[in-house]
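Two complexes, one shared chain (subunit A), two partners (subunit B, subunit C).
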Partner chain A sequence: MNFELLIDILIATVPLMLIFATLFAFTTWLERKALARIQNRIGPNKVGIPCTRIGLFGLGQPAADGIKMLFKEDIVPRGADRLFHLLAPILALIPAMLVLCFLPLEFPWTKSLLPIQAFLLDGAVIFFFAITGLNTLAVFMAGWASRNKYSLLGGMRAVAQMVSYEIPLVLSAVIVVMMVGSLNAAEIADAQKGFDWFVLSPWGFTAFVIFFISALAETNRSPFDLPEAESEIIAGYFTEYSGFKFALFFLGEYIAMFAISGLAVTLFLGGGDGPGLAAAPWLSVVWFIAKIFALIAVMIWLRGTLPRLRVDQLMGFAWRFMLPLSILNILVAGFAWHAQQQDSTIITVITWVASLAILYGTASGLNQLNRGNTRPRKYKYAE
Partner chain B sequence: MSEEIAFWILATIAVLGALVAVRKRNLIHGVFALLVFFAGLSGLFLLLLAEFIAAVQVLVYIGAVGVLLLFAIMLTERVAGDDGRRMVSRGWFWGLVMAAAVFVVLLLPAIQQWPSPETAQPIKPSVEELGHKLMNPYVVTLEVLALLLTAALIGAVTAAQGVRMPKEEDSPE
Partner chain C sequence: MSILGGGIFKGMAVTLRNFVGSYFSKERLTTNDYSWRPDGALPQSIADYPKEEGEQLRDTTTVTNYSRNFPMLLHDGGEPMDTVRCVACQICERECPPQCIYIEKDYDENGKYIKRPAIFDIDVSVCMSCQICVEVCPFDAIVMNSQFELSTPNRFGGLLVRRDDLLKSNDYYHKIHPEEAAARDEKMAAEKAAKAAKKKAAGEKAKAAAEKKAAEAAKAETKEGAE
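Presenting the complex of A and B:
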């Protein structure tokens, strides 16, 4: 056995897991605080340093939550499939953790390990999409294994939603792959060095918005949190989960949020690009995580602002609006790429104006077309 | 050495997954065992440094085919997955013979160059090369696979139609 390789692998992976688990704890606190402020409450503010009255703005809340989760009783329903009930939370966490290694995070201590880094694989982006797709199976497994109608409904909703939104998600990433000509995450980030970010072009911006909305749906975030809609189906697929299994679902969901935000940062927001990199290369990690947190902040803000969608609205939005727009966007990006090869200012200006007009016109046109389909709902028994 | 250990672990996972997928009466358990088999296969591709095929294996088979199978099961009346009915297995002998024949034909290109070279030839991974390989040594394999898929399709349609029951009166809602 090659022990040096084993140690190198541990150096590359263990800090990654620890960092993101810590960020998870911080994010739960941040989300509760931010939601509380939006709803004119204070939020967690009691738990600080034990045995003192120092509150620290409630920063001890995640630790207290973790301890509570660990000591809670683990209840499995009598009719449940015990094996699948146990496996589902594990299957939810593993893919989320696994895809973190495809983000081009260059820590100072991994400089010597570059040859074994996964984000340098030629198919890193494909691997990312392949492995995040496994999350669907975990959700279905949880819903089915609980032997509870609400759980099964939540699982079925989750599968339908994730399958639909995966298409615009991947199609909007295709644009970046076309522009760079590589599926290698590090090369994609390098191609945007010096504020040449993809989000700063009409087609890139459209793709980024589509990607971000699909990412919200993929990670079951509000306003797309139908699989766990508490006003309709209790808690969806994890209705029958308690204790540490529930905590694993929670952790998996947040890690998936970090991972998909990290991919959005890599594809559209320039990866670790930012000011001050020439003087201090280690700043790239700081910039990367700061950009992830900017996206997480938007997600929290949306959760506090928007009401949940209905099932038909959800499906209609994916298939009637996002899918046509992202396919058209690929066409526009293809023309734009050829125009950029000409290397003349006039052609670039014409491309920008034309693509802006086409994309805006299509988006508003699709909006008009879909308006006729959303009639007010007729209630059969509630008149 | 470590490659060999990895190979045996992955091969065991794949074979066990395939066996459980065939033997399990519970449909959902069977589907997940099949997915374990696909995952083991993807690991084997990764071990052969075919990382693109490994990624596509996960994307297409686990991501798409697996979810499709689960969808199909959810649309039937046996959502609970338990299927206590006896499997009809008339003609298992001919089935076994056919399976063995298909297996041998699939391995034909490998058997033809049996004393396999000690060191593998370096190959340029390109789509063009893949196309030539499919047409030259693997053309019989390709045709047999196509036939197998057609047979599976016809079999699926037949199984889905089921035995025509004499029509009973529709009960009022």
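Presenting the complex of A and C:
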């Protein structure tokens, strides 16, 4: 084993983990604060500096939560599969952490290192989807190993949901891969330099919306939080988890949120592209993380706004709306790519208008088609 | 035609308004309203809370004119069972989504149905406070109560609220939900007036018809007489 290589790998990966773990702590605080404000409450505002009355807007809350989690008793239910009960939270965290390596984050200190180049392998996008798919296994493992009906229900819901939404997720990413002609995350980010972002085109925007909605479902975020629906099945697949194992699940969930937002930023929002890059190249990391946080903020905002979907609505939305739309979007993007090769302004304008009309028309048409099942509540006995 | 997904943006606008508003207007932060305290300041320790059973605390911090919890039955004052509005038609029982209402009709000693419930139970451990029973009631007999202190050591019987506990007077309704109660009274008065007018109109019509008939008969008589 090459000792220098080991050090290089540590330099490349340890900051990544530290940064995202810190961001995780900050995000839990941010989410609680934002949700509280949406509901006209104040949110955590007591935990600041210990032994004083200084609150610091409750910024100490994540640390207090972490300490509490560490000291809590780790309970494994009688009859549970002890091995898989232990493995599930670890398996939930590892893929989420692993895919962070594929994000084209250009840290200044890793510029000259070789191992970081190894992470930016040519099939990064494929690898990303392959590894995030493991999360489904972890969730179902947790549900199965707990020997609890609520856990099992949550796990089964999660499998159905994640498998369904993986298809529109991947199909919407296909558009970007098609347009750039590469699966390499760094190349995809480079292709969008100078505000040539994919989200700023009709097909790119449609793909981004589909990707974002699917990402919400993949990470079990509201309004697609059926696997952990509190009001229906307690906490879903992690009902029987306590202490640090629960914290691991929590961490894994948030890291997965960062990872999938990072992929969305890479694919559609131009990666680390932004103003001021020529003067200070290190700003690209800042832009990248700022964009991730913008997406996370929208996720929190949506959580504060939307009620949870029903299971049939969830499945219908994936198969009857998102899937046809994303397949059509691939076709539109293909034609648009060929039209762009002509290099003529008139053709580009026509392509834009036509694809806008086609995509919006299809989306509202699908919406109308699927509307048949939803009627206002009818009273059977009252008049 | 509305924009696709416009409802989501509308909802997001509402939450954004609340998010931003909570930083600027103090009235929005209802859980942080300490106006019941003499100095209006944030309580710092348990000693700052009222020592007696806190009537003010309950009134100012939790129950508003619009809060609702579980249904109650209305009567128009006096002896509750004499003026109860409910006629035991069982519409609410059948419409109730979680099926938490149980009603039995009341009969007098001759077995004749008198329009009131003999049994009216609501299992508040099952009730989901959806207010559908209130919507469907044609007699304005069931409305939402704002009482929330329902905790009980008895898990099964304690959460089954009986008829006599559900009965509340219209005055109580006016006290807890003044606007809603006034609107409901107005609506009931209007309905009553409309019904009375209809009855009167029907009576007048019958009278007019009778008069016409009499006039015709008289006409026929005069005609006959002329011949």
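Basically, the second predicted complex is superposed on the first by the 369 of 383 C-alpha atoms of A that agree within 3 Å, B and C clash if a C-alpha of one lies under 4 Å from a C-alpha of the other, contacts with A are read in each partner's own complex, and residues count from 1 in each chain.
Operating definition for what follows: a residue touches a chain if its C-beta (ideal position, glycine included) is under 8 Å from a C-beta of that chain, and two chains touch if they have at least 3 such contacts.
Predicted model, so just to flag it, every value in this text is computed and none were measured.
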| item | value |
| --- | --- |
| Touching partner for A:131 - first (subunit B), second (subunit C), both, neither | first |
| Which superposed partner A:38 touches (first subunit B, second subunit C, both, neither) | second |
| First, second, both or neither for A:321, with subunit B first and subunit C second | neither |
| Touching partner for A:306 - first (subunit B), second (subunit C), both, neither | second |
| First (subunit B), second (subunit C), both or neither touched by A:121 | first |
| Which superposed partner A:29 touches (first subunit B, second subunit C, both, neither) | neither |
| Subunit B versus subunit C as contact partner of A:140, first or second or both or neither | first |
| Common interface residues of subunit A - those touching subunit B in one complex and subunit C in the other | none |
| Parts of subunit C lying in touch with subunit A, wherever the complex brings them together | 1, 4, 8, 11-12, 14-16, 18-19, 21-23, 28-32, 90-91, 94-95, 132, 135-138 |
| Complex interface listing, subunit B residues touching subunit A | 1-2, 28-29, 32, 35, 51-52, 55-56, 58-59, 62-63, 66-67, 70-71, 74, 79-81 |
| Of subunit A, residues touching subunit C in the complex | 34, 37-42, 301-302, 304-306, 360, 363-364, 367, 377, 379-383 |
| Contacting residues of subunit A [partner subunit B, same complex] | 1-2, 84, 121-123, 126-127, 129-131, 133-134, 136-137, 140-141, 144, 147, 152, 156, 159, 163, 166 |
